[in-house]
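The structures considered in this document are given below.
Here chain A shows up in two complexes: once beside chain B, once beside chain C.
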Partner chain A sequence: MSVDAKMAWRNLWRNPRRTILTVAAIAFACLLLIFMLSWQFGSYEAMINAAVKIHTGHLQVQAKGYQEKQSIRQVVPDPQAVAKILAKAPGVSHYTFRSDAFSLVSSKQRTYGVLVVGIEPEKEAQVSTLKKIISRGSYLLAGDKNGALLGHLLAKNLQVGLGDEVTVLGQGRDGSIAATVLKVKGIYRSGMDQFDRSSLQISLQNFDDTYTMMGAVHEVVAVCRSLDAVPQAKDFVAAKLTGLPPKHPLVALDWDQLMPGLLQGIKIDMISGLIFYFLLLLVVAFSILNTFLMSIFERMHEFGVLMALGTTPGRLTKLVLLESTALTMVGVAAGLVLGCAVTWYFQDQGIALTGASDILRQYGLPHRMYPQLSLLSALLGPAAVLAITFLTALYPALKIRRLSPLKALSYV
Partner chain B sequence: MFCIMAWRNIWRNTRRTAVILTAIVIGVWSMILLGSLMRGMLTTMVENGIATLTGHVQVHAKGYRADPVIENSMTSPGRAEAAVNKLLPPGGHWTARVRVNAVASNARHASGVTLVGIDPAKEAKVSFIGRAVNKGRYLKPEDKYGVVVGKALLDKFETRLGHKLVVMSQDTTKQIASRAFTIVGVFRADLEATEKEFIFITMPAAQDMLKLKDGVSEIAVLLPKEDGVAAFAQGLSSALPGSYEVQTWQELQPMLEAYLSIFNGFIAIWNLVIFIAMAFGIVNTTLMAVYERIREFGLLKALGMKPRWIVQEVLTQSLFLLLLGMALGNLLAWLSIRALSGGIDLSAFAAGAEYFGMSRVIFPEIAAGDVVLANVVVFFLGLLVSAYPALKASRFTPVKALAHN
Partner chain C sequence: MPKRLLNIPLVILTLFLALAGRAQAQDAQAVVQGAFDYMRDKASVCLAEMTIHRPDWQRTMTLKAWTKGQTDSIFYILSPPKDEGNGTLKKDREMWMYNPKVNRVIKLPPSMMSQAWMGSDFSNNDLSKTDSLIKDYNHSLMGTETAGGKKVYVIKSMPKPQAPVIWGMQKLKIREDHLFIYQGFFDEDLKLVKELDFLDIKMMGGKLYPTNWKMKKAGAKDSYTVVFYKELEFKPTLPDSLFTLEALKNPRR
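And then the complex of A and B:
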């Protein structure tokens, strides 16, 4: 350890109480930022995953324009060709076909407008959570002739239970009338009222017959190994799609394009979070500025003596900066350890937000939330604290540069 | 005397006082400003919720809320209407509506919607629709086949003013009633979801189509002041027989209520966090000021000053510091809220705002409760943490203090 470093370290502990309080302020800021950022990242990931699992998947191939208009005529005419591409796409772990048609669904008593969705039961179970959220009855089997799954709110509205019949009336792909009778086989509960109120699933084969789809589907839905793998998979699929017959142009859309609100909502939350953290850091900075100022002004006499003995102002500046850096480092290190420990504890235990569970449910989130500690969330906050305390320490340190021994010695 | 001493002591080191004052001012300013932004967002959310066909209080036939279908309508609403009329305070408004699930379709598209039959003149005073039509026109009482739809629905259906829209719903005899309407007006709403959900026709047209005769689904009441809501609902409930249900907006929109309580909690936690950050500064600065004067305190004590007085003197210093910081912080917050009174436009993130049910523009709002909370937190906790240096100062013994340098 050089002489300067030794001096700086000893100077720090000349006033242990002050040093500890300042370290505590820095540590507190780090701890809070680590926890909050981990919390935000954790909830974003949970939100995206929930929305992806229940609705859209990570990636979809659709007819161009289907996303906006959702007309039954806008189809993927040869789904097997798309399947071949997806099977080879890097990062794609599972995929399935889906078809949708808005139809009238009636029970003996009631009639509601509902989105009827054709699914491939086995592959769907690998792509979405549908199979897991069945709360009564059972899931569909492949090639199921007349079974239907519906949300618990729709079942309540239609006043139907397991085994009851419902009739479906809609329009087929060719404009003909599509009608069939279904038997309620399972009732699911996703927690999202909108979804539970307005959708009904049947097997793709049944959908194909009823709506005269002639082998075509509306969406090819894929999930990737992780969110990070999506862009690469999308690029691959988009490039290969251009090789298909150009009569029916297809597009590859990722989850952000399929749910444009979600990412923007996250951005709003992120930006408002950053404003909050910035203000917090500002308050912390002014809270500790006094420590840095005092540690210099109370030692003016000492600095004067040192300078009279031949110490250069540059070396004194360095000394003071070393002191504040050491102080900051101790604080940041303590905050880092504590912050990670606290976050890790809650990542393991979860935090129950019972009061907010109704709201969280609508976004597909459980009422117990888990912060996600990552390299980014653990280091971003402390880095910001480090930067802002360094800036704070700069002001008093630079004051020394303009100090003359005479002035310093006469300073009271 | 304490006051003069404390005041002069604060200004013995101007720079130090200025720095800690800045910390307090920024803290108080950010507490109040961010609180007002969140409050403004919430208020818009609640106001939109109330204006979007909720009102402050609604009356339904018993069972309608649990199962909102046409069979659960009020077949002869005269009695409920009379009761509302009798209890309604001056400045309040009410209207009756028919509201059913329906399917709207044209040649190319079909979608589930909520069909609302309204009394155009009365409805305009209660909900948003009276001032929301920006293309075509609002409904007239004699419109038998006119419908007003949202902009988003119009776009989705690829249709325009003057075109036909077929509406299907179940009537009271359980048959599917279907009727073609002409789009006479297009409305805009804060949320796209609202534009897609509601279509409006006149009440007689709805009653005729659904074979409801004089029946209505609900009576919505808008009161002149929000704090009378619970009392009004109670009064109305006891004036009506058990075959009616009276509910306040909090009961009708439990999500809004949940948002309110979450945000209240969040504002309180945020205030506390900011305070802790500034508390370290307050304690440290006061502590420094106390240690600098250790000889002085020793002398004072040797001269017979009681420890209690020293505590009091140090606390008075903190009190001045806090009061000054709070005054400046409040002033600054008030100025910045005024500067932002034009609202913060989130249009660049419109889809994101929509996803969270927020409106596109946020107006900051000063709520007395939030301002008081921020100031109370700073004031009392500020004094509390200053107690530590104050007690420290009072415990210096004259001998030790005088020996200190």
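And then the complex of A and C:
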């Protein structure tokens, strides 16, 4: 350790209480930033996964233009060919076929416009949470002839219970009138009111018969092992899709394209988070500036003596900067350790948000949330604190450069 | 959700069927009223073909329809065989549909009224609110043209402030002998959404009548819906019992 570093370190501990308080402030800011960022990333992942698990999946193959128009004639004519591609795609863990038709669904009393979805019951259970969220009755069996699953709000609106009949009236793929009578087999609660109010699931086979689909489907839905695996899987599938007959162009869409609102919501949240972090950093910066200015003003006389003895202003600046850097480093290191420890603890245990469960449910979020500690969320906050404290320390350090020994000596 | 929705096809045609005295209309309001009365009748029976055309797809249906007064109509699909017997009843602003396969009558909810019928370019609102053109709009004369040696009034129809309509404006062309020849539908920004041409004016049911109605969406190439009248007969009246839910469930041919 050089003389300068030794002096800086000793200077710091001339006023242990102030140093410890400043270190604590820096550490607390780091801890807060680490935890908040991890929390944000964790809740985004939860939001995306919740939305992905209940309807869209990570990746879908559809007819080109289906996402915009959702016309029943825009089909994937040969779903098996797409299935072969998905089976080979890297990162894709499960896939299933789905068909959708917006139809009138009516009970004895009421009629509503509802999205009727044809699903493959067994494969659907691997892709979405549908099977797990059945709250009454039972799940569909493969090839179920007339069973239907519906959301609890739709069931309430239609005033039907288990075993009751509902009539579906829609338009088939060939333009003919599609009509069928279904029996309510299961009622589910996804937690997303919009979904629970406006969708009804039947078996894909039943859908095919009713809507004259002739083997075609509307969506091939896939889930990947993790969110990070999606881009690679999408590129692979998109490349392979061009090899299929060009008469019916197909496209691969990821969850962001399927739910554009979700990412926008995340971006808005991100920005409000950033404003908060900025304010936090500002507070930290001012408290550190205060500490440094204090420590310099009370040592003016001392600086004057040092200069009179021949110490160059540059060396003094270096000394002061070393002091501030050491102070910040200690604070950031402590904050990093504490922040990671706290975040890691809650990542393991989760945080129950019992009071806000209604709001969370609207977004389809579980009421136990888990922060997500990553390299980025752990280092971004401390790095920002480090940068801003260094900048703050520059001001008093540069002030010393312009100090004349005479003035400093007479400074009280 | 821009999904296609079932609804009623022929009410629009049948609604308009009419006999009327020759109005000596001068102002726009009277011209529209006159054309409307001419289209309508006390009652009518017709047989029509509806063809939905898309670039890659086409479908034709045959329909039989009865209308009475200003608001009541009932119709059935005769072909294709798969859809035979599907019926629709419209009274005032309410609509019911009947499907023989499931043997059920379904009442159409109000939220479905702006949906297209069977993938056609006609919507439920086109069908159920046609007489709202008289009740819900203020008409003004934009000018006159000549077509086929006859004078044609060009009329701008703006919705009244409180009117429950979805269009921002309609543009009508009405020939001096009370025949509609064009109807354009505009949104709130006064952008053309779709247009209806009344073509092939012939003697039918005892008077001149456009027998070919072509509705096309603005900006959509090669996509349109055509209604072609095969038979049309005007009657002094039809029994009320024809326009009931019971009658809808027990179709007669």
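Just so it is clear, the second predicted complex is superposed on the first by the 409 of 412 C-alpha atoms of A that agree within 3 Å, B and C clash if a C-alpha of one lies under 4 Å from a C-alpha of the other, contacts with A are read in each partner's own complex, and residues count from 1 in each chain.
FYI, a residue touches a chain if its C-beta (ideal position, glycine included) is under 8 Å from a C-beta of that chain, and two chains touch if they have at least 3 such contacts.
Computed from a prediction, not measured in an experiment: that's the story for all the values here.
S.K.: Please determine, from the superposition on chain A, whether chain B and chain C clash or fit.
M.R.: Chain B/chain C on chain A - steric clash.
S.K.: Taking the superposition as given, does A:167 touch the first partner, chain B, the second, chain C, both, or neither?
M.R.: The answer is second: A:167 touches chain C but not chain B.
S.K.: Check whether A:293 is in contact with chain B, with chain C, with both or with neither, and answer first, second, both or neither.
M.R.: first
S.K.: With the two structures laid over each other on chain A, which partner does A:279 touch: chain B (first), chain C (second), both, or neither?
M.R.: The answer is first: A:279 touches chain B but not chain C.
S.K.: Quick one: is A:374 in contact with chain B, with chain C, with both, or with neither? Answer first, second, both or neither.
M.R.: Once the two structures are laid over each other on A, A:374 reaches no partner at all.
S.K.: Examine A:205 and indicate which partner it touches, taking first as chain B and second as chain C; both and neither are also allowed.
M.R.: neither
S.K.: What is the contact status of A:264 with respect to chain B (first) and chain C (second): first, second, both, or neither?
M.R.: first
S.K.: Spot which of chain B and chain C makes contact with more residues of chain A, would you?
M.R.: B
S.K.: After the superposition on A, what does A:177 contact: first (chain B), second (chain C), both or neither?
M.R.: Only chain C is touched by A:177; chain B is not.
S.K.: What residues on chain A does chain C touch that chain B touches too?
M.R.: Residues common to the chain A contacts of chain C and of chain B are 69-71, 102-104, 110-113, 170-171, listed in rising order.
S.K.: Where on chain A is chain B touching in the complex?
M.R.: 17-18, 21-22, 24-25, 28-29, 32, 69-71, 102-104, 109-114, 156-157, 170-171, 198, 259-269, 275-276, 279-280, 282-284, 286-291, 293-294, 297-298, 355-356, 358-359, 362
S.K.: Show me the residue ranges of chain B that touch chain A in the complex, using the header's touch definition.
M.R.: Chain B reaches chain A through residues 15-16, 19-20, 22-23, 26-27, 30, 34, 67, 69, 101-103, 108-113, 156, 158, 168-170, 174, 176, 254-255, 258-259, 261-262, 265, 270, 273-274, 276-278, 280-285, 287-288, 292, 346, 349-356, 358.
S.K.: Show which residues of chain A lie in contact with chain C when the two form their complex.
M.R.: 69-73, 101-104, 106, 110-113, 115, 167, 169-171, 174-177, 179-181
S.K.: Spell out the residues on chain C that touch chain A in their complex, using ranges where they run on.
M.R.: Interface residues on chain C, with respect to chain A: 1-6, 52, 54, 57, 59, 77, 80, 82-83, 86, 97, 99, 101-102, 104, 106-109, 111-112, 115, 118-119.
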